[in-house]
Structure formats: C-alpha cells, structure tokens
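Notes follow the structure.
Labels A, B, C and D are assigned to the chains in the order they are written; within every chain, residues are numbered from 1.
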C-alpha cells in the first residue's frame, strides 16, 4: 500500500504497541542495566526482566553454569532481590529511559504470585509475565498442569487489568494444552519456551556439573524444539504468542515469526553476542525491505504448509 | 565495556608442555582504562562452532594500544584459541569486573597458582618494585611468566607440588615464609578456590588486607545472568548473600568470602 | 579382585549377556548390513534394528532430513518392509554372524504390536523393543500415557517370554512415570530417549524443511536432555535402563552410564563418524583400565551427588 | 566403502563469483574402484563444529592416487570447506552409491545443471569423445569446468538463464536441439529435481535410455537411515515405493522415477 520504502517495525501485543518485535528474555538481561554499553532497553520491543518474587531469593548454590553442545545449562534458581526492590529501584529507571517493561513473576504458591502482582498492579509496569515453569512449586509445577495454569491465570486476571503473559514450560506432553488453559484463564499472551531440563556430568570428578544436579537448557540446541512448540501453540490459541528459545540470529527470529510468533525473545543469544537483539532487529527490517513487507508483523504466521 | 572484533598480534607458546600461550591483541579501545584484575570474555570457535559461551581471561598486562592475556590450554575452547594465528580476528568483550585495589605506595604480595598467576601478573605490571610474587605450579613444565614478573620489578619465588622447579611443596608454606621475611601491606591471591581459601587462612593472623580473585564459571560476564555467584558475608538477616563474580568481583576482600 | 589388567566389558540386560554395553540405535543402522565395511553387528553389545511393523510401511514423503545445531532432524515415518520380511531375510543373517539382536516394533494399534510380537516370539531374536513413542497411534501416543503404556506392555508380556524393552518418548511431562508404568506392565528394561519433536523452516521458501513439517531431533543437541531423563528414570525403576540420545564419543557414553544407564545406544553418532560405536567401546575400556575398574558395569550409577 | 582421513592436495577457486572450488584429495584407497556418479560424504566443520551431518559430493574425476570433487559454496558447510588449505586433512566416507551405467560404446549425452555438472563430469572423464555435454547455469559467473569436459573429449554447449554466457534460455531447449542434431544412445542428467523432470520429459519421445542422479538430502549416506528416499515405480500392489538415493541410487533410470 505504502509507497515509501520504510518498514513499520512495531507490533501490538495484548493491546500494547511495541517498537519492534524483539525482546530480551527473563533472566538473561538482569533488570536492564548490565548491557547498557551495548544496547539500551529502550531500543527493544520490550525488556523481560529477571523473575521477581514476593520475598528476595538466594537461588541455588554455584556452580550454576555449564556448557552443552550449542547451548548453555543453568541453574540460577531464581535469585532475585524481591519485587519491592524492583519496584523501588529498577522499574522507575527503566520507565524513565523509555523502556517497555515486562515483569517476570514467580512464586512458591499461588498466594505468592497474587501478592507480587498486587504490588505490580499499582506501578507503571507494562506487562506481567507469569513464570509457571518453575519446577519447585508444590511438587508438580503449575506449568505442567492445565488446571493449575488456568486457576492461577484466572486468579491473577482478577487482580490486575495489566496484560498478562503466561510463560510456558517445554517440559510437558502438550504445551498447547497449557497455552489453551492460560487463554481460558484470561491470559493476553503466552510466551514460550522456558528451558528444557537437562544435566551434565564431569566424568573426571563423577559429579554433576551443576551443584543443583539438573538445570535448564538454552541456546541453539533447543531452537528446533522451541520452533515446533511455538508453531503448535500459535495454531491452538487466539491470543498473542511470544516465541523464543535458541534465537542467536535474525534468521532464527524470522523462522520463529513464520511459525506464528507475534514477537520474539532472546536469551542465551546475549551471551554469544551481546548485540544480538540489535542485529536481529536490523536483520528483520532488511528481510521486510527485501521482501516488500510494509510491516514486520506480516512475517508472523507466513509459513506455507501445503505442498 | 565494549564488544570488539580485534586483530591478534601474537599468540605465542610460552611453555611447551604446559601449553601456556601469550595472546596479544591490537585494540587501543579495549586497552584504554583496562585495569589489572579485570577480564575479557573472548568468543572461541568459528562461526560454525558449538560453543555459545565465551571464555573469560584476565588482563595479564596492557599498554596504550594492546592487551595481552595469557592462558593454559585446558579444554576445547582454549585448544581452539591456541590455533589462532596472528592477523586473525577475535571477538572480545570487556574490560569486565572490578580489578585489584592497587596502591603503588603499598608493598604488595602477589600469590598466584597455575592460571591464577595471570591475574596477579596484571598487578605486578603496575606495582614496579613494590611487589613480591609467590607462584605455585603442579610441576616444572607448567612454570611460566616468571621473567615477566621480574621484568616488572617483582621479586619472585616459585614452588612446585612435585619439586621439579623451585621449592617442593604447597604454596601456603612459601607465603608464610615470605610474610615472615618481609613486611607486606597488601596481599592479592588468585588460584583455585581451595588454594585461595588456604592462603587466606595462613594470611589471617598477620592482619594484612587480603584480596582474592574468584574465577567462577560464567555465562554473560557482565552481571546479567546471576550465573557466577560467590557466597559473601552480608549484614542482611541471614548473614550472607550471593554476589556476582563478574560484576561485584572477580576481586573480593578475602575476609568477606564464605569458603 | 582380579590381578590381570583386563576389563570385563560384558553387561547383563534382562538376563541376556551383551559383549559390551554399546548398541546402535533403532532406525540409524538399518538391519545391520549398511555399515559392514566399518563394523559388524557382532562387534556390538547388540544391534537395535529399524522398527518393523506387521505390514510394510511407506513412511513419510521426502525431504525427511534437515540439519539443526549440533544435531539432525528426521521424519522417516517408520518406513520398513514389514516384520515378515525381517524374519525371513535379515534376522537369520544377523544371528548367523553372531549378533545380539533387538527388534524394534511399532504398530498403529495394540493389536498390531501383538501380531508382530507373536511372529517374533517364534524366532531366535534376542530382545523385543516396543517403540511406543510413535506419535501416530490413535491420537495420543502410547508413550505419553502411563496407563496405555502399562496395558500394552502387560499384553505383550503375555505373548512372549523374550525380554521386553520399552522405548520411551522424551515428549512427556514425566518420563519416569512412563518407565514405572512399563515396569509395572512387566517390561525387563526401558530404553530412552527417542527423539524430541522439533521443526525447522526454510526462510527463503517459507516452507518447513521437512515435508512432514515436524520431525525428531537427534545428536549432541539432545544429549543433556537425554542424560537428565536417564538419571531420573534410573532412580525410579529397578529394571535395566538403556540410555542414549546424542552420544558421539566415549565420554558421552561414560556420562550416560554414570547417570544410571546399564548400556548405551548410539544413533546420529553414526552419521558423524560411522566408527563411533567401536571408538566408544575402546574409550570405555580405557576408562576402566585407567580407573582400575574390573568390569565396565561398575561405571553404571557411579555418579556422586552429595557435595 | 571406507572412512578415511585424507590429505588435501588442492582446493582451488574455479570461478570467483560463483564460488566454485575444485578439491583434490590424496587417497589411493578411495580412488580405487571409485566410479563416476558415485559420491563421498565429507565431514565439514572442525572438532568444535555444530555440524553432525556430513556433506555429499560427487566424484568429479579421479586417477590412481587422487580423487577430485568440485563444489559450489551454497551454505555454511561448503563455506567451511572452501577455507581448507592444502596439507590439511578431511574425513571422507566412500565411495558411496551406484554410479552412471557407463558404456564406452554408446554415444552419451551428458546434461548438467549448476552443481549437477560435477556428477556428469565424472562420466565425461570415462567416455572420451563418446560424450556430448549440455551444461546449464543461472548466469555467466557460475559457468565453470567447461574446459575439463572438453579436455576429456566431450563437445560442450552452454546455456545460461540470463544469456550472460553461451545461449540464453532453458536447458531443455538445448537438449532438444542436440538430440535433433546428433544420434545419442544414452542420456545422463544431473541437476535440480525440476530440471531433471523437464529434461526427462523432453527426452522421452526419442526413446533413448535416460538416467538421472537424485541428489536428495542425506543423513547416513550408506543406506542405514532411510533419509534420502526417492519415489519410484514398483510392481508392488500400490505401484510405487520409496528407494534410497544413497544406496539404490543416486543414479536411477528416469522412466522409473515418479516426479
């Protein structure tokens, strides 16, 4: 339609307009200050900050990081200074520099989640992401149980009018079932995938490489798994889908959007090249120009499956 | 902190058996303001590699235009690095972390074990004749960089676990003797966690300020991922907290560390 | 105990003695003839042949193979000439050369599995491996449903006295639950993991790289996932555990055994280096020598988890 | 079939823009009994690479001691290969598959499109003046190996889609003209599936035996994984079956292929 050769890079997620479809994922970009020399959170579609909980958490003992083929294994254990600290220090700063902020929330119990969101509801945070993948919540993780996922989402829905994103765990038989449950509970979007659980052993010491024994996999190794899950989920739900897992270059982001993601998030890609989000934004823009797409969102769901 | 693609000027084998290399990088920008005890995250493996994590290396020394790091080949990443020839480029992120609290008016004892010597070598490069160095290695083949400490003005003693070079024994003995011999105002230690713990214990009775560099496994290297934490004393309720080696460290006051 | 510096490389799985703990995995080594110039099935602990079904199957349309970071994506779709053909041609040959043969069996229905096993029961095949991961069996795969897994195993148990191995799918919330169900149904061993489901898109054509859209991931990318699942499963069950997924070198096999595998299987590792199984056997033997282990099975479960 | 670590004698750029290379490998064992139309699986990427799949390449030609393959740089694997310098070693599995049904008494038309020319070049190397070659490329920068066909005794016509070298147009036109001009007994075709399908259709009315080489995506390359199948006519109930390009092929009689 347009005659100018400009690409509209903005996308709309749950009624919120993002500058572009590229976010940095929770737990890999802190609270936005650590990569300032390379990029500002204001340049991103949104920053998904490290999980916050109602009380500060110590996290797991070190070592917390191990290498895996084409990826990283981590067991941070959700160390964070607590939601109040975030609201007092990081959030005002992030908003002051013009960032769109997604706050990742965890709890041991549903009450924990609720308490956190009550506090966040009174702030100018843009979206709330419920991290239901944490495996430590009352035995079976909420993220593996559609009923629990729906119950939690519905409860949070009553507390806040802010957009709710439910972050899905890949460690399930059917991720789209959990996505549908989140949708039924009133979520505005789902984000996926969180880390598949993995393990490594040091054969010299015969001990696990992580003090916590198992940890979450991230990086290119999980990309095909994430892509499949995003595709299945995008087909199943009507709400927005934020896709990530193993994205390290713009081509990966394009695949993720073609599979149905409305926006993408980058985690381990930051460890590889801190400037990855900027390169991905640039690459997607160029792809649109080369393919005469006026809006980046036209990539979403453009997969052709009939042969 | 910058992420730069920089040219390799030299990648020289220092010690045949120990596979220790000295890597000199051409980058005025990275050299600028880079302090001893800080480190760089270097991307290893080519474009097609299976490595996603960069490898952290201490600043060994630098001048206006170049940064030198030194490394032992211990695994696939450093093995790859050892095959890089001058003229090739590397992706280097840094300088990162907080370095040694160098004070040129203070007589400083530098204690280094195996690859830990590179971090204290950085301190030696700034201290002139105000430093003494005690370096420990497993055996003689690994001994390296002694001339460099000396060239910077440091007096060096070497100890090896098997006695194949210098004294035979553990580094703690040598540290104790050194402290009995000379009055030091400050101590910097870098080596395995066990070694640093033991040295800190030996040093404690002397009441001298002792700093250690905690080389934890890292992912981001910039403070973003909480991957590299060290357990430190704190005045919070529980009396301790995990702090990031890459951001608050890698250098910490030994008295704060919960070993 | 022994004074000689020889390592006993044999292991016992479900009452069957294997020469060594290294097998080649179903679907990656055909029926044993294709790698003859490099290794003979008789050199292996056992050969796990390509799945057979009661009727021949065409499998999926090509392309069936795509590359993923540190791995391979495949959608063969269980093409095979049928169990009768296997019994008439390949099995007699395999037995004649001295191979220990595990026959991987698939079906669309439980009746299919039963019909196959009835025929195999009358042969001198050494073990039967029930591939319950196939996602096409009546909607929900048997491998994702503990009840169905137990029912199938119990039914097959009645048909044959031969050792039954149940091959587990990683595309589940709790793989150890399925393993326990197989054990309850009377399985002698479980083997894991089959391929996690993944996907790739060619962004030039905007089409999936596989005609079948999704496919199974294999190779080093899945190793940490497989290791975690083997560890969890070995802790849960009393029967033998055959561990694989991403093994390409002896060190990987050692990790897998330390995590609890009684024997290991190698799939995509054959594509990387056809001689991988031989190198793994050699490497494990050397590890035992270096560490004064008189029997390779002493590696199994030798992980130290207390700090 | 052998899996050998062999030395690279030459890895020469043939055509700057098209990034076509000629790779000569020193291996009497692999050269022994290796036939035109067969192929090798070459391991790409170093020890640290993320590539698990080898890359299949046709035998371009060979002598007693060496095997030459030719390749276009089209992706990360061939890009890696293009950086290998003489003296380095490659892991090479082969020879694999069944080659062209060469008959030196039959006048044979060789039809090659882009990288498909390398497989028919192998046939040219054995046919002396009994072959004619029709080679199609997208544009002139990609044109290569014409001299080699000629040196083997083949008469060559070139066509490019954009007319930048030789005739402008589609290869099917040129094939038709060639068949009208000269009486051929046999036709070998290698190129994209679409090209081979079209050529086979053009050739059909002439009643000449036509063989095609199906370069499917492969995993094992030896017949073990069923990854590389081609749909072929069969006398089974359904009238067709999937056969393995790497084992029963890559060369099939065009009349058997269900396109």
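In this text, a residue touches a chain if its C-beta (ideal position, glycine included) is under 8 Å from a C-beta of that chain, and two chains touch if they have at least 3 such contacts.
Everything numeric in this text was worked out from a predicted model, so none of it was measured.
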Chain C and chain B - chains in contact with each: A, D
Distance between the centres, which are taken as Cα means, of chain D and chain C, whole angstrom: 35
Distance from the mean Cα position of chain D to that of chain A, given in whole angstrom: 46
Interchain centroid distance [CA atoms averaged], chain B/chain D, Å: 54
Contacts with two or more other chains, residues of chain C listed in rising order: 61, 69-71, 220
Of all residues in chain D, the ones touching two or more other chains: 50-51
Chain-level touch network, classified as line, ring, star, complete or other: complete
For the chain C and chain B complex, residues of the former touching the latter: 69-70, 220
Chain A-facing residues of chain C, complex: 61, 68-71, 73, 144, 171-173, 196-201, 203, 205-208, 211, 213-214, 217, 220-225, 227-228, 231, 246, 251, 254-255, 258-259, 287, 302-305, 307
Parts of chain B lying in touch with chain D, wherever the complex brings them together: 44-51, 76, 80
Residues of chain D that touch chain A when the two form their complex: 50
Complex interface listing, chain A residues touching chain B: 27-30, 33-35, 37-38, 50, 58-59, 61-67, 69-72, 74, 76, 79, 219-220, 248, 268, 270-275
